[in-house]
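First the structure, in the form of structure tokens, and then the observations on it.
Should a chain be cited, it is by its letter among A, B, C, D, E and F, assigned in written order, with residues numbered from 1 in that chain.
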Amino acid sequence: MAHGYETGRLNLPFVGIATFAKSPYVPDWNAIDADVAILGAPFDFGTQWRPGARFGPRAIRDASTLFSFGHAGAYDHEDDVTYLDGVRMVDLGDADIIHTDTETSHANIEAGVRAILDAGALPVVLGGDHSVNIPCIRAFRDEAPIHIVQIDAHLDFVDERHGVRHGHGNPMRRASEEAHVEGLSQFGIRNVSSTAREGYEDARARGSDILSVRQIRALGTEAVLARIPEGKRYYLTIDIDGFDPSIAPGTGTPSHGGFLYYEVLELLAGLAKRGEIVGIDLVEVAPDYDRTGTTAILAAQVLLNVIGRVFHARR
Amino acid sequence: MAHGYETGRLNLPFVGIATFAKSPYVPDWNAIDADVAILGAPFDFGTQWRPGARFGPRAIRDASTLFSFGHAGAYDHEDDVTYLDGVRMVDLGDADIIHTDTETSHANIEAGVRAILDAGALPVVLGGDHSVNIPCIRAFRDEAPIHIVQIDAHLDFVDERHGVRHGHGNPMRRASEEAHVEGLSQFGIRNVSSTAREGYEDARARGSDILSVRQIRALGTEAVLARIPEGKRYYLTIDIDGFDPSIAPGTGTPSHGGFLYYEVLELLAGLAKRGEIVGIDLVEVAPDYDRTGTTAILAAQVLLNVIGRVFHARR
Amino acid sequence: MAHGYETGRLNLPFVGIATFAKSPYVPDWNAIDADVAILGAPFDFGTQWRPGARFGPRAIRDASTLFSFGHAGAYDHEDDVTYLDGVRMVDLGDADIIHTDTETSHANIEAGVRAILDAGALPVVLGGDHSVNIPCIRAFRDEAPIHIVQIDAHLDFVDERHGVRHGHGNPMRRASEEAHVEGLSQFGIRNVSSTAREGYEDARARGSDILSVRQIRALGTEAVLARIPEGKRYYLTIDIDGFDPSIAPGTGTPSHGGFLYYEVLELLAGLAKRGEIVGIDLVEVAPDYDRTGTTAILAAQVLLNVIGRVFHARR
Amino acid sequence: MAHGYETGRLNLPFVGIATFAKSPYVPDWNAIDADVAILGAPFDFGTQWRPGARFGPRAIRDASTLFSFGHAGAYDHEDDVTYLDGVRMVDLGDADIIHTDTETSHANIEAGVRAILDAGALPVVLGGDHSVNIPCIRAFRDEAPIHIVQIDAHLDFVDERHGVRHGHGNPMRRASEEAHVEGLSQFGIRNVSSTAREGYEDARARGSDILSVRQIRALGTEAVLARIPEGKRYYLTIDIDGFDPSIAPGTGTPSHGGFLYYEVLELLAGLAKRGEIVGIDLVEVAPDYDRTGTTAILAAQVLLNVIGRVFHARR
Amino acid sequence: MAHGYETGRLNLPFVGIATFAKSPYVPDWNAIDADVAILGAPFDFGTQWRPGARFGPRAIRDASTLFSFGHAGAYDHEDDVTYLDGVRMVDLGDADIIHTDTETSHANIEAGVRAILDAGALPVVLGGDHSVNIPCIRAFRDEAPIHIVQIDAHLDFVDERHGVRHGHGNPMRRASEEAHVEGLSQFGIRNVSSTAREGYEDARARGSDILSVRQIRALGTEAVLARIPEGKRYYLTIDIDGFDPSIAPGTGTPSHGGFLYYEVLELLAGLAKRGEIVGIDLVEVAPDYDRTGTTAILAAQVLLNVIGRVFHARR
Amino acid sequence: MAHGYETGRLNLPFVGIATFAKSPYVPDWNAIDADVAILGAPFDFGTQWRPGARFGPRAIRDASTLFSFGHAGAYDHEDDVTYLDGVRMVDLGDADIIHTDTETSHANIEAGVRAILDAGALPVVLGGDHSVNIPCIRAFRDEAPIHIVQIDAHLDFVDERHGVRHGHGNPMRRASEEAHVEGLSQFGIRNVSSTAREGYEDARARGSDILSVRQIRALGTEAVLARIPEGKRYYLTIDIDGFDPSIAPGTGTPSHGGFLYYEVLELLAGLAKRGEIVGIDLVEVAPDYDRTGTTAILAAQVLLNVIGRVFHARR
């Protein structure tokens, strides 16, 4: 049979080297031949409270094995679709990180994303803290313009404080400065935050559409999707703290009152149909603060579902 | 006074041997004289990812003591009913488990459930992984037919893989093969799962009614209850991963987007009125993954509430 | 600039002595000159199951630093208000606690609250178990009458059991006996509880308005607020177990089916407008049962938001 | 065969109700017919830092099941002895504890020990904090005189502070006041401690022999034993913090530089031969601070070995 | 420079796919070209108490990355040797495991070890529980005879109980039945154990040399080594519970009074010089019981040091 | 009485704001009037594996409260000395840390140490990772020469890798370049390490005395002390990973085979007598990896004992 239950290996989740979804490991970044390429960006020097997102890539890979036990694709009975069937996925390992050196570390991440783009694959970057989004967006400078959709508790729109411009509070401000970034949709932003009033005014002045979790619930998924420019090339950046601490406690700066699982999945499933998702990062999983594994499982489950829907939409 | 606050013992939750709800311990299974009998089934060799459900019975018993501090019954102010008042409950301890030997271990569980049925008591089995449902259902072979209501994230309808027929992915398929099982209602089934498309087709062909969490929310409790054949003898099997990982992280294979507490309680309270609940198992509590105790407390709280409603309905 | 990002210290959350929100530490209780004064009440000898609320004050202080990184006030983009701007807050440290001696410990807490009231500041007490509410309420004996609003899973209306009158199951009963307490609104009370039917009857006879989480959801925030006498002086007592275990597992006696974050915040924001909140305690955070920090972060986030709204309403 | 491996139950450690070493549970304290009787004393209101020793009895019972899988006795190949063979052990459950009420709680513990002594069995009390030693010693008032051997990091010789006389810093002072206590050997006492210089002077004046861990290592086991009066009736009180934090982190007040396993076992094995051990308590296991289980396993392993040697010596 | 610090990657421990010591991943077992080959054996159905050794291989691989940051070899300043320099190591991933099916799972492990032996490499197997030693030893049936050196707290010499012959209490008995096993040295065996007196007699009758930790300390390393037949082909099986729980709490059945780090390292360094170590397994690391990572770090540190000494001795 | 047990506050360890040993908090660094001043340096961007030492200062302060319950000084019965009696200690809070900016963060730490030296107090710095030693040593540039005594598992003598010169692997190399550093004694260095052979050769060439744990045990405390130049001004830098992982698992890069508690205490007690200890840092406590608190308690216990002995020696 196609999914090979009876031949080959049973391949239970706890068996085998932990690449993302047990996809082939491709250490040679000049040899990428795939639809999707996973890149780890274990950088967390930009963190302002609890560090540990450097262990995010390994934790997400480990959790992803739960969803990879010998199936060909992932059947969803509600949609009656077997997602990921035929999607060629590879894991590139991690960008090299130099402790105390943000600039070089970010450059290495950018190089990885560029290699994926050159190979014509969808880059999916596993953070690391949200500052890793900065080199990811830079890697798209030679590509067609993109619209960024952000899932996050925090606006991350600080320009500069005490000289810091590339910490995890700055990425959306940095993105807004890029010529190839056409617009920002910032969803889930709420409550006490690291961005002061000026940051919000700045973001709105630069064209951001900012919605809180409660505002999104009041609008409904369809109305929220309608606010995103249609038919664009979307870059999706998911800060795991956009989700509620009840399902994502393993993160640096949790904020209560966040998204639940299906709220985000339905929004992203709609986005995959509304245009083309051309890049993804998922950041701020700090596994040592959540020994239940719930946060890392969430990250893996969201990513696998979104990747599946991206390629289903492309058919 | 009846609840003995002033006489006898205060009996705070942390005091005393941890039987289920501090009910009497009856090691002699030929001497069961009770309305409800608790049986532990600490078997987890059928697990495909995180083991540890073998410690589920002890963890649930320990958590259950929180709800047992000197009261005669459990007063619910919303219903204005004191549940469990006068219900005679005993704890039989655990079925004997033989490591590496699934067959004998399952047979010992079956023997325990048969002893309870012979004594005319309601069997409530504490798992253990979901494979312990297989001997529980077998124990009803000489009883009147039953309809199974399952709360679960996963369909558990795999027939056989690599020769495995009695793991925790197989119980509902095994149940569907039994002559005394009239039907299955499978609630909470969702998202990426261990069952491939064929399993769903197989289940539906055999008469299963499969509903996801979102489908159940859209229908409402009453409409869902209406889909369950009325006036039947129900066997209730609760996989704790049917609940959301936010309240049940302590389990082998968590799946995001699950049930919240009152969603399940209201469904089961309705079920208790719609027919007769004649057997219960609650499985897959693996306490070492949830050191907060939340998962085990959930299991104990659900069980005590359901048992209370079963006997209130019988009056 | 006003919030001092470029001058002085960046003051990241993990930097500095952990007072509440990094407010000035005022060990001399005769020298309180502030709008709000924080007092720790690390007493947990009244606990009936899991102890450890004695570490609540330190954990809440530590978590509160997450919300205190160099801002002048906390900007909320949904309300377009910068809360806490200009509010003078101090931390008094903790009341002295004598192990095995409930009476003296409670007296020390009462003395602290009286010192705050004498200084004309809003007392905010960090428990400790819910019995610390007893001396807090006593401290208001010489003040104008108060109406108590309680957020809690449990009624805490036990009169006396085995001679115990000042444990964490007794505070609302004790409060109801005080001449200066005009009424009680008890919100979130649910399911299996430590209070038997007589306690509920007793509470209602003494004028309590008791509502469960589900009843409050069915009524809506406005209707619930309308049941609270208007224009009163409110004393707010928040037992963290009023919240759902998914976001507050770090507590002595969790109870499933509780409040979510915004449900409580919206209720308390409304209360701050409906009259004057003149005293607050938040109790039963037992941090060692929740190593993710989620519970303590919730406590800090709720308190900072409520304090902000209290003083915004006073303008 | 005698140990019943092939007949009856395999009885793996994780199977069955967790009484101490799976010995029979005897809830009726008037029906004790045994050589050894286990009594839980889950009292921890006397704790001065980290509470939680109330969960000590359950944790030690649970850990003790590791050493109880189907054997008749415990074979020690170094001694070539099968200890515990034929020793009749029962578990009485716990003394009733009244929160906020030290006096009554202690009285209940005393009543339990007296019941055991009346039945002619060896009392083995599982704490609870070290204050539970106070009622244990009181229970021997009508027995022949005893000499106390204490394993502990702290002297516990505080007379009274702020009125506290029955906290966990006071038991040895209280014991020294009893007429039936002939002497004290205090072993393991070290470093920064809760007892000031006056306490040491007081203890020595009352005849205590105080030795630190390093002093005991320098003397050697035999020389230490020689300092204990020979042929006496010994009461053994083991504070788990006498052991090093590397193997006993799960306790209220750990102190570095403590005993290792065999150091204590060899000392106690020698004591069992030097006279008659007539009572034992093991206190201050607070399991929630040690999620590895190491501390509780240590407590169970020490107790089972000591009990075995006590009865081997009596032959 | 040889160790490539300035060129190529810095390769910090937390960066990259977690193979053992970041050695190349060779999924094709017919293409092994190396001096050492690592094989995971994530099987734990033979466990009698705490399961979870199935996650041992991933945890040890993860911990091993700590010792692999860009060096060519591991310099030991005490020996003035750079171990592992030039040693070609590969990671084969894991043997396939079939839940509920011990026989097939063991057969898959045996196939992996045979593939390594066929390739002329040193097999190093990461367990899994100690039953995985059974197929490892079987894989040597066609090789020259071996002498087994075991580091363990338990004798593991049970013949059969309740029909179980391939659980984690049986491997040394099974080994003793193999024609190609010349002898057994069993070191670290101590205290209360799963093997009854008959097992010890049986083992000695079959030629085992059994020494406890204390006996080994009394003898000294050299004298212990002298008891092992010289010039043999040694198979080394290390149960992590041979070490003291203070450094190896993350295991199924900890036993107090175990080996410290250098005690074992010095013994194994001596063994590597006394003959040829031709196979190694390290078993019973159950990482979820030790969230500090200490146990897995110990396993990785021991293995890397032993492998280094094996190949240094071969020069 | 002098220690104020009966008057004032009992001041149990869990009560009060957590400054180091509950010493007065002095936020104004121009107002230091004390014998000892504590400075937190919560910087961990120099970490190469597990981050989190930024939470070290808070954890050590919290643990230090265990040793501060109302005593005047700390009585040590083995020495018959009440240490710390009359020593005036203050806590300055933390140096300001700028995320992503090592240079400014280090400068802020240096400024703090200089302020302490200017006030004539003994600086005691709580790390942070070991790179915080770099600014500490710099702060002594205008002081009389110092000899550095290091307790550590790792040599930390890397000159530069990939441009990194101020990470936690570089401090001793940086120190050796300073004109005011006369010599280095590096104790505890062992096994697999981050420093390659060249680093050791470099260190020895620059005059370092490097000893492993085993070498120190073989020599004995007195012989080791004799190798340290006598009558010097000693700067003491303690990396907590110099201790064994059994008592210090909460650190970034644990290394097995480390020092036990009294081994270090005796060495440092001797050092305090051999010359003048003029500065101390204790680094690499990363509390989130050790939820038992053992590591932070060790740090606090070592520091309080050493500070006590420093001032006892000065009398």
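To be clear about the criterion, a residue touches a chain if its C-beta (ideal position, glycine included) is under 8 Å from a C-beta of that chain, and two chains touch if they have at least 3 such contacts.
Composition by chain, UniProt nomenclature: A, B, C, D, E, F = Agmatinase.
Since the structure is predicted, the reported quantities are computational estimates derived from the model, not experimental observations.
> Tell me which chains count as touching both chain B and chain F.
A, C, D, E
> Among all the other chains, which ones are in touch with both chain C and chain E?
A, B, D, F
> Among the chains, which has its CA centre at the largest distance from chain F's?
Of all the other chains, the one whose centre lies farthest from chain F is B.
> For the Cα fit of chain D against chain E, please give the angle of the superposing rotation, nearest 5 degrees.
That pair's rotation angle lands at 120 degrees.
> Which integer distance in Å separates the CA centroid of chain A from that of chain B?
Roughly 37 Å, centre to centre.
> Cα centroid separation between chain C and chain F, in whole Å?
The separation of the two C-alpha centroids amounts to 39 Å.
> Quick check on chain F: which residues sit in contact with 2+ other chains?
Chain F, residues with two or more chain partners: 10, 12, 14, 48, 50, 54-55, 98-99, 162, 164, 244, 246-247, 289, 291.
> Show me, using the given definition of touch, all chain pairs that touch one another.
A-B, A-C, A-E, A-F, B-C, B-D, B-E, C-D, C-F, D-E, D-F, E-F
> What does chain A use to touch chain E in their complex?
Interface residues on chain A, with respect to chain E: 9-12, 14-19, 25, 27, 40, 42, 54-55, 58, 61-62, 91, 93-99, 291.
> Which of the residues in chain C end up touching chain D in this complex?
It is residues 44-48, 50-52, 54-55, 98-102, 104, 131, 162-164, 166-168, 288-289 of chain C that touch chain D.
> Which chain A residues qualify as touching chain B in the complex?
So the residues of chain A touching chain B come out as 3, 5-6, 10, 12-14, 66-67, 69-71, 74-78, 82, 244, 246-247, 260-262, 265, 291-294, 297-298, 301, 304-305.
> Spell out the part of chain A that touches chain C in their complex, as residue ranges.
48-50, 155, 161-162, 164, 189-197, 200, 210, 212, 214-215, 244-247, 249-250, 253-257, 289-291
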